[in-house]
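Naming follows writing order (A, B and C), and every chain is counted from residue 1.
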Amino acid sequence: PPSEEPSKSSQKEQEHPKPVPVEISRDGKDVHVKLTAQQQRIQIAKGVEYPAWTFNGTVPGPVLKVREGDRLHLQLKNMDSKMNHSVDIHAVNAAPDKHFADVQPGKTDEFEYEVEDPGVYMYHCATTPMMEHVANGMYGMIIVEPKEGYPTDQAVDRTFTLTQSEWYKGRDMEEDRPKYVAFNGVAHKYDAARPLKAKAGERIRIYFVNAGPNEMSSLHVVGTTLDRVYVDGDPRNSLNGVQTVTVSPGGGTVVEFEVDEPGEYTIISHQLNQFSKGAKAILKVTR
Amino acid sequence: PPSEEPSKSSQKEQEHPKPVPVEISRDGKDVHVKLTAQQQRIQIAKGVEYPAWTFNGTVPGPVLKVREGDRLHLQLKNMDSKMNHSVDIHAVNAAPDKHFADVQPGKTDEFEYEVEDPGVYMYHCATTPMMEHVANGMYGMIIVEPKEGYPTDQAVDRTFTLTQSEWYKGRDMEEDRPKYVAFNGVAHKYDAARPLKAKAGERIRIYFVNAGPNEMSSLHVVGTTLDRVYVDGDPRNSLNGVQTVTVSPGGGTVVEFEVDEPGEYTIISHQLNQFSKGAKAILKVTR
Amino acid sequence: PPSEEPSKSSQKEQEHPKPVPVEISRDGKDVHVKLTAQQQRIQIAKGVEYPAWTFNGTVPGPVLKVREGDRLHLQLKNMDSKMNHSVDIHAVNAAPDKHFADVQPGKTDEFEYEVEDPGVYMYHCATTPMMEHVANGMYGMIIVEPKEGYPTDQAVDRTFTLTQSEWYKGRDMEEDRPKYVAFNGVAHKYDAARPLKAKAGERIRIYFVNAGPNEMSSLHVVGTTLDRVYVDGDPRNSLNGVQTVTVSPGGGTVVEFEVDEPGEYTIISHQLNQFSKGAKAILKVTR
């Protein structure tokens, strides 16, 4: 069909179309999500652009929020003119060859599955070579809210979502160290000029995913202990009073803490080479 | 004695004798195990051979299964003509200089200890330089079944044992990245032509050890959450609904999950450079 | 004031003054601690000296012990003639820009905060560039004893404190591997000639911190399982029967085990390249 074989003149446009906003709609327990796979030049650090492979034109892709027991109808429109792409969602129980299947260039497919397990999960493109699809930007976070909530829900005043990931300079991602390590796609994104914000006395919850592709993360908040950690975001996996949480690539966690007084707290990976490379976010707390 | 000073003609044979199958026998609570230390050329990836140092001619060495409270009588016959070797078993409480002692070339020694703690453990050669003895293949898994079993024993339909490890190209294992990362000794071992197999609807348990020697593992199963994780394999250390489990080199874990429908699930390390280097196993699920 | 502007002749002395012992005094719930920041040539391996940046002239800095609910008055005297330094304490809840603030060369400041959360924590200099201040030696351990103690306190016969850290050869700590990995500052510090010591039958507790700055640790004791692990040192975070504990840089743990018979046990990081580089401590157990 014509729509899949663009004329030469529209080729360049097709490779780099505008980001297509995600569409999410709910009908009872059925949640319909429309994702795109599309190449996009994005900023990954101050003054640094990268020709990323993305979901919906952003890295990370859109944060998806559903509830335990929902049925997810996930449409993937592959706007890439050359490569297959796909969506592997850690939150579901489904045969990957069928439910995480490759979508060919120019095609659109829909996948369905139930989200049975509460938590905070990575989703990502799983098309071969998977390491490259992830390293080039195809990942995001899906939150599956527990049916009965978290035991600490009432106490939480404010939530953030942070996805850690690595940006590589060359293509030897098997051997090299990342050039940048980012929270939400951009190294040093939430700096003093553009911090995350909260009020003194608030209890903060962070939904955190480590998208990797290769390195562990050591989540830490300068200026506070983590009163509560839900390992992988499951309300049954509870730790208390933790300074630093190990999060595997492909893993996630929910952490909560209080910021008692005004000031600048910094959320970091305590692997300090990652911190140096951009894995930090200032949380500015005011009265 | 002659058996320790081989004639020149038999030298080569002695360096690379046939793999000697492990012998395991039980007498009440006493379990007798006969291991060998022997050099062996083995396959570590498609078309790639490696002059490994092994237990019983295979990498990993034989999986040992005992019960909490057993007394283990472990014989090590060192068939190597030049190097000392030994067995360090993580499952036991015993003075290493006595119970994990070096066995000289051509000698056979026996070691005894109780296995008091349930779990899934690494065993390995601990002879100096230990990193090399492990990197060259001298490790395996020992499962100590809990006296009262796991709370989920009744629900499990099928079990697998997987040991992750790294293969290095040169001898600079302190600085270099591994060339291959393998499950059960061979990179990409359980591919589409030779997958692990299960039936739809089954509950699967994996006994997992990360033998390293150097890198963390991030155990993940594409297409399912891990309903249950026993940290280090102890039934008292229970996590629920986990997407990815961090396993240190020298550590282990027991994970359980259900494969609800037919298809190809893949067990991986979600450190995707490890996945690229071979740390994956296809689990083919049929009706 | 003259004390801040040393004459040229005393300059060299000022750069490398004698280590100033920490002063700790208690008045009810108020604990007063006097730390210095001072450059010091120290030994980091056999025959290897390093121009370290230190707290009180040693690496790691002094172990601090307080009780949950104490109020800490922490004085930092910056004896460095050129650089700012600071103290970031993981144990407290306090605005970092105020309570972990930089102290200028030659100045002395005091910081106050409550220590509300029990555990074993890292403290470190957080002055920019933080990775270098940590890599050059500015870290230590603070133990916050739980108000009600640990459930296993009565059974413990002997305790040790161990801080793991990395020493780098050049300044490219973002890309390079460490040259040495040390327990308590010196690679291979507790060797056969200078082991840690215990008696057969004792129950041992180790307070452990991984100061990094970059690498995970895999804490293991050759010859025993860890009967009890308190994740991050919180008595509520309890694991049983663990062979190897993952500890993030910037994290800590409390582990307990029994040494049933005389012999040489070895405490290691089971990332064996770290072990090779010095991350080990012999524990000599006698009758």
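Basically, contacts are C-beta pairs under 8 Å (C-beta built on N, C-alpha and C of every residue); 3 or more make two chains touch, one makes a residue touch a chain.
What you see is a predicted model; the values in this text were computed from it and never measured.
Viewed as a network of touching protein chains, the structure reduces to a complete graph with every chain in contact with every other. Under half of the residue numbers at the chain A-chain B interface are used by both copies of the sequence. Centre to centre, using the average C-alpha position, chain A and chain B are separated by 34 Å. In chain C, the residues touching two or more other chains are 216, 246.
Per the touch definition, chain A reaches chain C in the complex via residues 177, 216, 218, 220, 222-225, 227, 239-246, 258-266, 270-273, 275-277, 285. Residue ranges of chain C in contact with chain A, taken from their complex: 88, 90-100, 116-119, 121-122, 126, 129-131, 134-135, 173-175, 212-216, 231-232, 234, 236-237, 246-252.
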